[in-house]
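Shared chain: chain A. Partners: chain B in the first complex, chain C in the second.
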Partner chain A sequence: MKSFSSMHPITQAVWFILTALCVMFSMNPIIAVVSFTGAFVLYIFRNGAKGLKTHLWFFAMWIGIVIINPLISHNGATVFLVINKQPITMESAVYGAVSGTVILSVLYLFRTFSQIMTSDRLMYLCGKLSPKLSLVMSMALRYTALFTQQTRKVQQYQKATGLYKEDNIIDTIRGGVRIFSIMLTWALEHGITTADSMTARGYGTGKRTQYAVYRFSSADTVMLILSVLFGAVTFTAQISGKMNMEFYPKLSLTEITPHGITGYISYGILVILPIVSEITENIKWKYYLSNI
Partner chain B sequence: MIHNQTFRTALKYISLILIIATVLVSSALFSDKQYASVSFALAVMTCVIFVTGYEQKKTGTRRLVISSVMTALAMTGRLFPILKPTTAIIILSAVYLGSESGFLIGSMTAVLSNFYIGQGPWTPFQMMALGVIGFVSGIFGERLSQKRSLLIIYGIICGIAYSFIMDIWTMLWHGQGFDIKIYLTALATAVPVTIQYAVANAVFLYLMAKPFGDKLGRIKVKYGV
Partner chain C sequence: MEILSVEHLNFRYPKSKTNALNEISFKLEQGDFAVLCGATGSGKSTLLRMLKKEISPLGEKSGEISFCGISLEKLANRQSATEIGFVMQRPEQQIVTDKVWHELAFGLENLGLSHETISCRVAEIACYFGIEKWFDREVAELSGGQKQILSLASVMVMNPKMLILDEPTAQLDPITASDFMNTLYRLNQDFSLTILLSEHRLEDALPHADKLLVMENGRLTADGEPHKVIAEMRDNAELICGMPSASRIYLELGAKGECPLSVREGKRFIQQYKNEIRQTEIKEYTHSKNKALEMKDVYFRYERNLPDILSGLDLTVYEKEFFCILGGNGSGKTTTLSVASGIKKALSGKIEIFGKNIRSYKNQSLYRECVALLPQDVQMLFLCNTVREELEDAQCSAETLPFDLSALMEQHPYDLSGGEQQLLALAKVLAQKPKLLLLDEPVKALDSASKRRLAEVLLKLRDSGVTIVAVTHDVEFASEYADRCAMFFRGKIVSQGEPKQFFSENSFYTTAVSRMTREMYSNAVTVSDAVKLCRINGLKGTENDT
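Presenting the complex of A and B:
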């Protein structure tokens, strides 16, 4: 078995897309809370307690949405305050809370997504779709690093030849423009040389292959099947309206039927899958270590 | 491989129109949570434009590499403080390399620089905004490259347009559907940023237009592109 973060990019992408779509398309408090808990626990599990500022910022945003929504939208039957002849309703506040939770869980999901789905993994996925696109991506990432290095070199050279005065803003700006101009010429020429070299080595004559270190193992198959299965169950429950929530004019959750309950449970399992996989691997790793 | 030139051009424009239509129609149609559907549809459409238009076209290796070089430059530009040359670089490269490369450079810049700044459900929207700016600049390429004043005015319009497109996202993110009141509020709060974009575009286009053209001209002479 493998842990979720070391699984095949396709498996990870499918899980993220399904989980995010399910929560983004539903305005259901239960789904929102389940998804938020899952996303939050996964993020904390991978990152620990660090990054307190981000959490605080996210929660401030949630509170902001809860407060702002009733001020903008005046729908709803239960009025508990009238400001400036505009009613402030409970329904609108609840709507804000639910949509804030949805937004928060999507944000945490994307945080984890960009940590797990590193640029090389994304490139691999794009390469399946369009090899040219993936080539452009990988070259652009390479050039960014190269530019930074070369810019530093040019800057040091210019300094060494005495082209800068100390504390003179106009001189600094001029120097910056000069360096940029040098870099532009260098980058374009470098690009042309690279392209010619690629043509000389036969780029574009055959089918493009990719170097990939990812292997589709049995763990991936299990994970993929489980994600698709539970995702599909949740989607069918959502589409058939078994998990609807009405906010206006009065709050009302659709009557909970067995079909609805299967939807909620399968979403809960979908959300918890990567956490289970990470924890199992963690325990196994500790167990093997203790045996050494 | 699509060999028919007219068909290819038609496909190019159709996919662009489809992208814009997706945003407008779905923001008008669905009552709530349309940011999800819009983002998803956009991501799919963007892929379609690449796969049909760019992948199947026989793009020269040189142009492909130059596109990635310009993407890298625009990306580095996005990390600048306050005045960012990103849009200016995208406009200029689209003017000289054509509308397809413009779209590619714009949208790639958005995705890749978000690896540093932060990915999110807004990424497809930024891809579309910058991509469309690149695409349109490529269409008007010939006229824009001849007159610098025109280019600068175009840059200012692009800065404002970028803000307008991204505020559709702000409105949808709020989850209340197409609400002109929220849109106007978002536009009003974004005024300082809009001015920042417009000024950055004007300044950098003014500074870079001539050197950029000269350098590309030099490359053309030196390597016989």
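Presenting the complex of A and C:
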């Protein structure tokens, strides 16, 4: 068994896409809360309590949305108070709270996504579409790193060789132009050598294959099947309108039917899958250690 | 079995009046380790590129090159790509992808091999070259030596029968370079891989070689067993100065018998002399009283939670001195120059330049008629299309320079040789009339003739009153030209002194001559020291003629 973080990129991508789609296309408080809890716990589980400041910012944003939405949208039947002849309604505040939660949970999902999907995993996914595209991306990444490094160096050395005359804006701009010009020549020269190195190693002699360090294991199969299954159940429940929520003019959740309940439960399972996978791995490891 | 044969090869670049290659003929047997040497511009790179058809330059060609009995033109693309490997000078530029594992797989992906084959071959090669530890890393994080090993490994993964290398160690420091040479030698021995290598630094390469090819002005002037080829080189000073120290001593003495190549052979050679007199007189060196650069208890680090790069550095350089800083990679040499030139600010400590605190130089005045820093990669300074424009840009008049650039005026800076680029960069910097010149690895990647030319220019500058601080890996260069040397280790200076005393006290970080002669002579560090002492002592069994 592998933990979710070390699974095959395709498995991970499928899970992220399904989870995010389900929450983004439903304005349902239960789905939103479940999704947020799942995304938040997964993030905390991987990162610990670090970065309190960012969490605070996220929650401040949520509160902001809850406050701002009723100020802008005045739909709804239950009026709290009237400011400047404009009614402030409860429905609008609830709508703000739900959409804020949806946004927050998507944000947390993407934070985890960007940590797990490192550049080479993303590249691998691209390579499934086209091996050429993935090579171009890989080269671009390498080149960007090199280009930034070189630009920084050039800037410093231009200064140290006395080529700036004074500390003023015009000179700084002129310096910028010089650096750009230097970098242009450098990039062209560099490109030629890289191209030589590519042809020397048989680039363009035939059809390329894509090599990757990832293996598709049984854990991936299990995870993939579960994700697709529960994702699909949630989707059908959503499409058939069993999980709809009306906000205006009055709050009303569609009558809860067995089909709707299956939808909620399967979404809950979908969200919790990676956490379960990580926790089992952790427990296994602890157990293994205690046996040494 | 013959693997490569070149017959009557002529080549001329388009628009050029003269041939870059003239009537070149030679053969390589399978398993040969051949070294190609010659001055910059003698056509080494052109010849090597002609042997790999994918990157052969365009131009007029005549003659025949065949690989394993098949003419190079008729060789299938796929066979040519896999069986002839080519490694270039700058590791930075020949690496294509961003991850180490992807770079290793690149060539195999191009051949369209299956995933299983690729993973097996990549694993094998990573093991052989010791890449496992940094297999997952990004290329940008690797050191220069690791990058060059990666370039070699990603060529070797295609199982070439012949490996061509164009100055592969030029960008590496001596210890890494010697490791790289040993790796090549191991490949040659383990797999009977045919290797053809062009190189300036022959000290490490030649002892392994079966064959030495010498090129001069586009002609192959010698081809044979290294001992013999060098022994016949007597009258060619330009070529001789690039040979290993042991061979140079042998040649300068005009000795007979087998020409020594390695330190071991050199030591045996010197033991043939009587060696009763152990040292020559040392010229007293007195430095000026005024300090040009003084660093006291300087600390520096790049980020808060990274270790100190400079930790309590004390360094004093006096006016009109040629000071060399030596030391391993990552010991903080380059950082010292950045801090001394003010492009990086020291965390704590005092830096004085000509008796004045570096902070009191305001509004870039530090860089006007005071300090100049020349980077390791001088191409960073070039931005025009010709040397002339380049000099005009720096407001530098060619007549006032202590060296002559007039022959190069209309060329593109990138087309100049390494040594010429170094001089052009120096010219641009000298336009600001600096009194303190900081140089970062000025002789890296230069052939020995250009090294000597640059050193002469630097000595001339010193005599005209410029203080020079150079960071270098090149112990031979420092021992020959510096007034004082310092050894850097873990962010500070651990020893310093005049070259003769400094290098004869060191036992590992020292010149080849010093290692060769340490038991016989007490202060011989350069070839001329050793030659002088051998002459004074005379061969065993002869009368002293002094």
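What we mean here is this: the second predicted complex is superposed on the first by the 259 of 292 C-alpha atoms of A that agree within 3 Å, B and C clash if a C-alpha of one lies under 4 Å from a C-alpha of the other, contacts with A are read in each partner's own complex, and residues count from 1 in each chain.
FYI, a contact is a pair of C-beta atoms (placed from the backbone, for glycine too) under 8 Å apart; a residue touches a chain by one contact, two chains touch by 3 or more.
All of these numbers come straight from a predicted model, not from anything done at the bench.
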Partner chain in contact with A:113 - chain B first, chain C second, else both or neither: first
Touching partner for A:175 - first (chain B), second (chain C), both, neither: neither
Partner chain in contact with A:185 - chain B first, chain C second, else both or neither: both
First, second, both or neither for A:207, with chain B first and chain C second: second
Which of chain B and chain C A:139 touches, first, second, both or neither: both
Partner chain(s) touched by A:29 [first = chain B, second = chain C, both, neither]: neither
Touching partner for A:73 - first (chain B), second (chain C), both, neither: first
First, second, both or neither for A:159, with chain B first and chain C second: second
Which superposed partner A:129 touches (first chain B, second chain C, both, neither): first
Those residues of chain A which chain B touches in one complex and chain C touches in the other: 119, 131, 135, 139, 141-142, 146, 181, 185, 189-190, 194, 196, 198-199, 203-204
Chain C contact footprint on chain A (complex, rising order): 119-120, 131, 135, 138-139, 141-142, 145-146, 149-150, 153-154, 156-167, 178, 181-182, 185-186, 189-190, 193-194, 196-213
Chain A residues touching chain B - in the complex, by the definition given at the top: 20-21, 24-27, 72-73, 99, 102-103, 106-107, 110, 113-114, 119, 129-133, 135-137, 139-144, 146-148, 177, 181, 183-185, 187-192, 194-196, 198-199, 203-204
Complex contact set, residues of chain C against chain A: 52, 54-55, 77-78, 81-82, 86, 88, 90, 92-99, 101-102, 105-115, 118-119, 122, 138-140, 154-155, 158, 338, 341-344, 363-364, 367-368, 371-375, 377, 379-383, 394, 414, 428-429, 432, 434, 438
Partner chain A, residues of chain B touching it in the complex: 32-33, 35-37, 40, 47, 50-51, 54-55, 59-62, 64-69, 71-73, 75-76, 104, 108, 111-112, 114-115, 118-121, 173-176, 181-182, 207, 211-212, 215-216, 218-219, 222-223, 225
